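Working notes, structure below.
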Amino acid sequence: MSEPAALPFQLIPGNTLLTRTPEEGRQLAIKMSRLVIKVTQPDSVVRERLRPIYAEDAAMLIAICQTVATEFATIAAANNYWRDPKPR
Amino acid sequence: MSEPAALPFQLIPGNTLLTRTPEEGRQLAIKMSRLVIKVTQPDSVVRERLRPIYAEDAAMLIAICQTVATEFATIAAANNYWRDPKPR
Amino acid sequence: MSEPAALPFQLIPGNTLLTRTPEEGRQLAIKMSRLVIKVTQPDSVVRERLRPIYAEDAAMLIAICQTVATEFATIAAANNYWRDPKPR
Amino acid sequence: MSEPAALPFQLIPGNTLLTRTPEEGRQLAIKMSRLVIKVTQPDSVVRERLRPIYAEDAAMLIAICQTVATEFATIAAANNYWRDPKPR
Amino acid sequence: MSEPAALPFQLIPGNTLLTRTPEEGRQLAIKMSRLVIKVTQPDSVVRERLRPIYAEDAAMLIAICQTVATEFATIAAANNYWRDPKPR
Amino acid sequence: MSEPAALPFQLIPGNTLLTRTPEEGRQLAIKMSRLVIKVTQPDSVVRERLRPIYAEDAAMLIAICQTVATEFATIAAANNYWRDPKPR
């Protein structure tokens, strides 16, 4: 995997795992996964070429679900599962 | 993975991980997985075309089980495993 | 993945993660995985056709182990690992 | 996956996750994985036929490691990571 | 997997899981994954040959995301999810 | 998976998950994975034949990273993430 030295972008937008809502946490999970792909394959042309490959492949779509589920588990724990009804 | 900017739907129905029962939590886990597929492949025609592919493929069905299990682990923890017999 | 609206069966038998023993928890883990397959592929004829495929495929058997292990992790945590010797 | 009704064997030997040592916990993790394969494929002849397939396949050996690691995570947590030096 | 006896490099840079920020934790997760590849395949020529293979393969990119997510879960827990706004 | 009765070697070197440093914990994670392969495939000739197969296959190298990450998660939790700066 490529070394992320002097990255021109953040791997975690906002540099925090804390979100106001579960929905925002879920969006963060998807973004964080996408950014690992970006740092591993920095060429946007290649990434665009790969997009229809995984978006039309049932097995890869399921694998993406698995990855998002794993990221979301961490984010949900960080936010104490948004059990507190008050916005933070 | 596609960026979920201005999503026309929620990634987490109800915007909460809290459910009254384990059964509802399990249903939420399935829905949350399905919605990641939807955000990654927004074209419902393509999704419908993929459905019989994974639904008739043993390996993909097992992979779906894995994904649901991972989502459910988070939801179950959020609900403190529904140990409290009183409805919430 | 198919939407489990108006399911004719429960995804979690008994609607609880709490079991008396680890053995029962393990059986629940297997049942819960099986029921996700059932909700994703409701046609019992197709499911019966798939059964020998995964039951005679080493890689799929290992994948099933992985899924059961993940479900069991949640069930075991829910039961506080059955550390308390008294039956519940 | 096959329904484990009236199993002629236990899925968890000794019906407990508690072991005296990490080594015994590790052995239990391997046994528990093996027993899920046994309940899914009850025919010992088939299982014996599959053994050299996965034992000589690098990818399947790695997948077995993954499964054992997941089972062991649960067992280790159940035993509070055997932090207490006294035998139980 | 190769035995890491007398490694000429550290598997965990800085020999700590503690980082100041989530962003640094994410970078550490990527580095730690990369170093497992390095210890398993010490030949840099082979590693360089493999790089375009996984960087242009959608399924492998997703698998890398999965690995990074798993490492990051551990690092995030170690840092108590960076909930404390003060730098450490 | 083969039954580890009367193993001629330990599955967990030192029979403990506790290590002085994260680096040693990482090495233990790699060793523990390797020993599961050894117990599943006891023939060292076969294992040596498989080594270049996975060490030169990008997908398998990533799968090894996944396994090590999972083992390490358990070891890190066992050591309370080495948060205490004092050696143990």
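In this document, chain identifiers A, B, C, D, E and F correspond to the written order of the chains, with residue numbering beginning at 1 in each.
We adopt the following convention: contacts are C-beta pairs under 8 Å (C-beta built on N, C-alpha and C of every residue); 3 or more make two chains touch, one makes a residue touch a chain.
Remember, predicted model here, so these are calculated numbers, not experimental data.
Least step count on the touch graph, chain B to chain D: 2. Taking the definition of touch as given, a chain qualifies here only if it contacts chain E and chain F alike; none does.
In this assembly, the chain whose C-alpha centre lies farthest from chain E is C. Overlaying chain D onto chain E using CA atoms gives a rotation of 120 degrees, to the nearest 5.
Seen from the C-alpha centroid of chain A, the farthest chain centroid is that of D. The distance from the centre of chain A to the centre of chain D, with each centre set as the mean of the Cα atoms, comes to 32 Å. With centres defined as mean CA coordinates, chain F is found 28 Å away from chain C. Computed centre separation for the pair chain D/chain F is 16 angstrom, with centres defined by C-alpha atoms.
The set of chain A residues that touch two or more partner chains comprises 33, 37, 54, 59, 63-64, 66, 70, 73, 77. If the chains shown are joined wherever they touch, the resulting network closes on itself as one ring, and no chain has more or fewer than two partners.
Beginning the circuit at chain E and passing next to chain F, one meets the chains as E, F, D, C, B, A, using touch as defined. On chain A, the positions that touch chain E within their shared complex are 1-4, 7, 10-12, 15-18, 32-33, 36-37, 39-41, 46, 50, 53-54, 57, 59-60, 63-64, 66-67, 70-71, 73-74, 77-78.
Taken together, the chain C residues at the contact with chain D in this complex read 21-23, 26-27, 30-31, 33-34, 37, 51, 54-56, 58-59, 61-66, 68-70, 72-73, 76-77, 81-83.
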